[in-house]
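See below for the structure under consideration.
For reference, chains read A, B, C and D in written order, and residue numbers begin at 1 within each chain.
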Amino acid sequence: MSREQLAQEIIDAGRFLYGRGWSPATSSNYSTRLSADQALLTVSGKHKGQLGPDDVLATDLDGNSLEPGKKPSAETLLHTQLYRWKAEIGAVLHTHSVNATVLSRLTPGDHLVLEDYELQKAFSGVTTHQGQVLVPIFDNDQDIARLAAKVQPWLDDNPDCVGYLIRGHGLYTWGPRMSDALRQVEAFEFLFECELKVRSIANA
Amino acid sequence: MSREQLAQEIIDAGRFLYGRGWSPATSSNYSTRLSADQALLTVSGKHKGQLGPDDVLATDLDGNSLEPGKKPSAETLLHTQLYRWKAEIGAVLHTHSVNATVLSRLTPGDHLVLEDYELQKAFSGVTTHQGQVLVPIFDNDQDIARLAAKVQPWLDDNPDCVGYLIRGHGLYTWGPRMSDALRQVEAFEFLFECELKVRSIANA
Amino acid sequence: MSREQLAQEIIDAGRFLYGRGWSPATSSNYSTRLSADQALLTVSGKHKGQLGPDDVLATDLDGNSLEPGKKPSAETLLHTQLYRWKAEIGAVLHTHSVNATVLSRLTPGDHLVLEDYELQKAFSGVTTHQGQVLVPIFDNDQDIARLAAKVQPWLDDNPDCVGYLIRGHGLYTWGPRMSDALRQVEAFEFLFECELKVRSIANA
Amino acid sequence: MSREQLAQEIIDAGRFLYGRGWSPATSSNYSTRLSADQALLTVSGKHKGQLGPDDVLATDLDGNSLEPGKKPSAETLLHTQLYRWKAEIGAVLHTHSVNATVLSRLTPGDHLVLEDYELQKAFSGVTTHQGQVLVPIFDNDQDIARLAAKVQPWLDDNPDCVGYLIRGHGLYTWGPRMSDALRQVEAFEFLFECELKVRSIANA
């Protein structure tokens, strides 16, 4: 795919994710793989439902901007880290929903367990509701290099990881194509909503 | 109706059900009766808001594909079982909502009882809020033949059944026409939401 | 306004109310005053988001159909009762939302009190948040004449009444014009949602 | 920007805010700065999703209408007070959501504290989730001059204030441009929803 087409995928993803309420108030950032050693990412601080072709920029996989006039998202390193981790990853989405925010704050410890949900099968590599999907939760940190350094060992130890949460902040998930990453966002959001509803009743 | 028209009914149903959030992340499957001994079903794994005319396939009522190049939904047998059960059934919808998922997990035992809701009258054959609508809940199973074998005796014993739940998975409902099946999905979703709201407050 | 224009108001109201989820699964009915002694009402059992010009019929104010070929809504008498009650009423809306259903079931006794909400001012005749809006709740009844006979004394005793609930069933509200009735539906739905949220937290 | 363009910004904001459910039933009012000593405000009592170019009027910064034929919103003084407070404020939005209403009623005392949310960074001047955003809550009052007199000392003492709540009534927020004020409404609404969800579970 051309850069123009990849940029359009990001623009369309933003329109969808903003419309669902998962990228409010200029939050969130999205990317696609541009080549073996470059990514195409959203620039900082834009309305995610109104992205245009100029609102993306190319970076290397160390998170350095290749387009000096543009300011990359503060969280660029969390994207490029994933493209380095697995060659088959072609798209990364970071969203910022109410349910991801609340669930990550209310879940003590460093991970969430999803089990007995048929929709777990929407995640890459999952074929039954009977296993467990572990979603690590990292404490939020404005120092993204430090945060990335905490994420890396978890990725290295968990090659099947399908996404993670940053506490009070949001979700990272990914896939070979943008459509895969979007499917996983939908599945995570569905399951986060389920978990919160179960807790609001079961704890009562 | 022609196959083309029936396929369009499935496509339109998908657009509606996905838009309501009841068929996220490629979940769900839908069908219509094609003839006395054939059904038209969605193929496996498609985005339900973006179905096209090629995303359906014909099967016999044993769930065998009549179009070798296409992979039927894993749950085909749960559809064809219903067309065998009653000759007047012309459409079957399986949806996968947050509320159906959560309510089926939180309800112990093998059924849910709906009563004193005016909207029960949206179900085929119900004329008053004063009766009870029993919704059986079957435990989820990746072995669909085994699951179908558990559903069958319940259908045989309950000729007035208007729908059932699979735990942590979703709803099956049906009707003579697609519009009837859609009306019943709406009614079930409304009542599931009511039940969860009542429990979130009444249990508090 | 001509009958054609009044019918269009009902069609547009249905599209809006269905879209908000307040008239699901062919529930609800709507009317406008056609003349001093006639009303124009929705026929029975139609999809409220897809009404057409033929889906309304004229009745006298005793609830008798003036168009023999069409079946009026079962609840016609609850509409015509209101047009008889006050000459200035020009539109009546009966909606059927989750929140109206749940709140009316969870509220013991025969009325709900709304107070300290700025939005009370959206109701006809209310100028401050400091008063109380009393919303009577009548038990549901499939015998509409009997239900109407219970509503009438309440209307007679409460000339300022802006709407009422039927338990497990829904809301009736009205106004001089359709836009007034729609504004009151929005206000009631807002306040019902507030009341349920307050209860889900305050009772916890 | 011309008056025509500023009016269009208000019209578009209304369409968006009404669509999100944050300005129901003719509630809410919006404004932009017209000049150093004038504001352009919505007139009283209009449907906020259907504003037209005639539904705004110019006022001086004491809240006096400069267009005698039009009735300004009752809350005009709360807008003009803000334009007087800071020369850089170019737009003020008052919205009226369920969550703002409920949260302001359920929060005892005179303020709400938001902390540990990444989305706090959507507010002007906030660069980390680690600080606290204080949102004052003023008791509702139909006497707007008296209410404004309570708001003023708080503004004077808190030059970094990004918005405030009126109990049972809604939110006031602002920014240099309309897009900034809209971003802050989105951020507040997101955080109000988070706070209510946390409370509905954590208190259980």
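Keep this in mind: a residue touches a chain if its C-beta (ideal position, glycine included) is under 8 Å from a C-beta of that chain, and two chains touch if they have at least 3 such contacts.
Heads up on the chains, UniProt names are A, B, C, D = Methylthioribulose-1-phosphate dehydratase.
Being a predicted model, the structure only gives us computed values, none of them experimental.
Common neighbours of chain A and chain B (chains touching each): not present.
Although chain C and chain D carry the same sequence, what matters here is overlap: shared residue numbers make up under half of all numbers found at their interface.
When the CA atoms of chain A are superposed on those of chain D, the rotation angle is 90 degrees to the nearest 5.
Averaging Cα atoms per chain gives one point for each, and the point farthest from that of chain A is the centre of C. The centroid of the Cα atoms in chain C and the matching centroid in chain D are 32 Å apart. Centre to centre, using the average C-alpha position, chain B and chain D are separated by 45 Å.
With touch defined as above, residues shared between interfaces to two or more other chains in chain C number as follows: 200, 204.
If touching chains are joined by edges, the resulting network of the protein chains shown is one closed cycle, each chain touching exactly two neighbours. Two chains count as a pair here when they touch; such pairs are A-B, A-D, B-C, C-D. The touching residues of chain D, counted against chain A in their complex, run 116-119, 122, 127-130, 179, 183-184, 186-187, 189-190, 193-194, 197-198, 200-202, 204. Residue ranges of chain D in contact with chain C, taken from their complex: 24-27, 47, 96, 98-99, 101-102, 105-106, 140, 142, 166-170, 196, 199-200, 203-204.
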